[in-house]
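Chain lettering (A, B, C, D, E, F and G) follows the sequence in which the chains are written, and residue indices restart at 1 in each chain.
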């Protein structure tokens, strides 16, 4: 059990993940790349901010905004 | 008594832990991995945010959001 | 798949990008340079802050203000 | 007088300490381990958050939440 | 295109720049020196904080307060 | 004049100092030890938080909470 | 023009400076010492916090509280 916490997300590369930001926004997308700061490169993205939904082909999230993340 | 504080949680790996976030959310889950920033990989997770409860199979919490943590 | 997250934006150099700041402002411009902190040099910039729109020929954004970014 | 500030707490290991968090919560417990970030491992813990009191056998406090601390 | 983002401002040394702070204040002045944290030494400065305007011959801005900056 | 700013407080070791925290609390006590982060070990302490006064024999203040400090 | 931004303040050592804090407080005093974090040792100090004025013979300001600073 010498896993690193980031492996929880790393093994989801190429699959969809759910991200919750500190400001309450929720983001789902296909995880393309990540690093130890939790900077994330997502593709085919949907962002939910309160009642508003937006779509984006590609999104780079700055890791310090992230509350938690899950493989979907 | 040369324990490190993180050992309080490290010895709970494979068991359930309780996490309280700075934003007031409460999370319980089985601790799979942790690091010195308190980044946590949890499994079989329940998140309580005010009146709302959510479940997640796998959750990666960014450590800087954590207020405190306990083995259950 | 050994991409770094920042490559999501790096490959948009010379093209237009969309930036959302933590304070809610939205910025679009042509990406001239970026670094690992997400400090960004944009040209031909439009800033939307609530109902207010401003234009700028050149803008340096301090990276710690960024929520997320997208190639347009 | 070449003491380090952390020695104020270090010499209380095995004894009860009082912790005040930045969010106003007050915590008392037996200090089992600490580090230079003020991450704390407490045992036999009582947490007071406004009118609410909770108990915990073991608690790991992330040091960046701490306002100040005292031996009891 | 191996520019660094800070070069957007560095090439404005000796000329006037516009600075917007995270707290909403707006500052213009002649840029005398800058560093990688975006600490800035300005001369012949005008500060606009809401309805209030102030002038200063010399101003050192601590870089972590900066939202973005532009050559004027 | 090659003094370091921290020497303003360092030379007050063994004497009483006044501390103002970012949250508005005011603390006086005898300075026993300090470090470069401004972590402080005080003895014979009085804490004023609004209308409330508390006393403590020993107090460790986490330096990142400090606004400014004075020898008394 | 290889000045560092901090030189804007450094050359004011022994003279009076004006400091504005992130919390809105304004401080003037004779600058005795400073470092790269903008920790400042001031003497013969006047602090203005809203309608309240206070004086202090010696003041150590923790640099992370500073918005900007000027020689007077």
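Some notes on this structure:
Keep in mind that, in the parts below, contacts are C-beta pairs under 8 Å (C-beta built on N, C-alpha and C of every residue); 3 or more make two chains touch, one makes a residue touch a chain.
Everything numeric here is computed off the predicted structure, so don't read it as measured data.
Of all chains in the assembly, none touches chain C and also chain E. Between chain C and chain G, the least number of touching-chain steps is 2. Taking each chain's centre as the mean of its C-alpha atoms, chain A lies 19 Å from chain C. Rounded to whole angstrom units, the spacing between the C-alpha centres of chain A and chain G is 42. Multi-chain contact residues, meaning those touching two or more other chains, occur in chain D at positions 63-64.
Ring order of the chains (start chain E, then chain G) is E, G, F, D, B, A, C.
By the touch criterion given at the top, residues 13-14, 21, 23, 27, 32-35, 39-41, 56-65 of chain F touch chain D in their complex. On the chain A side of its complex with chain B, the touching residues are 1, 3-9, 18, 22, 38, 63-64, 66-71.
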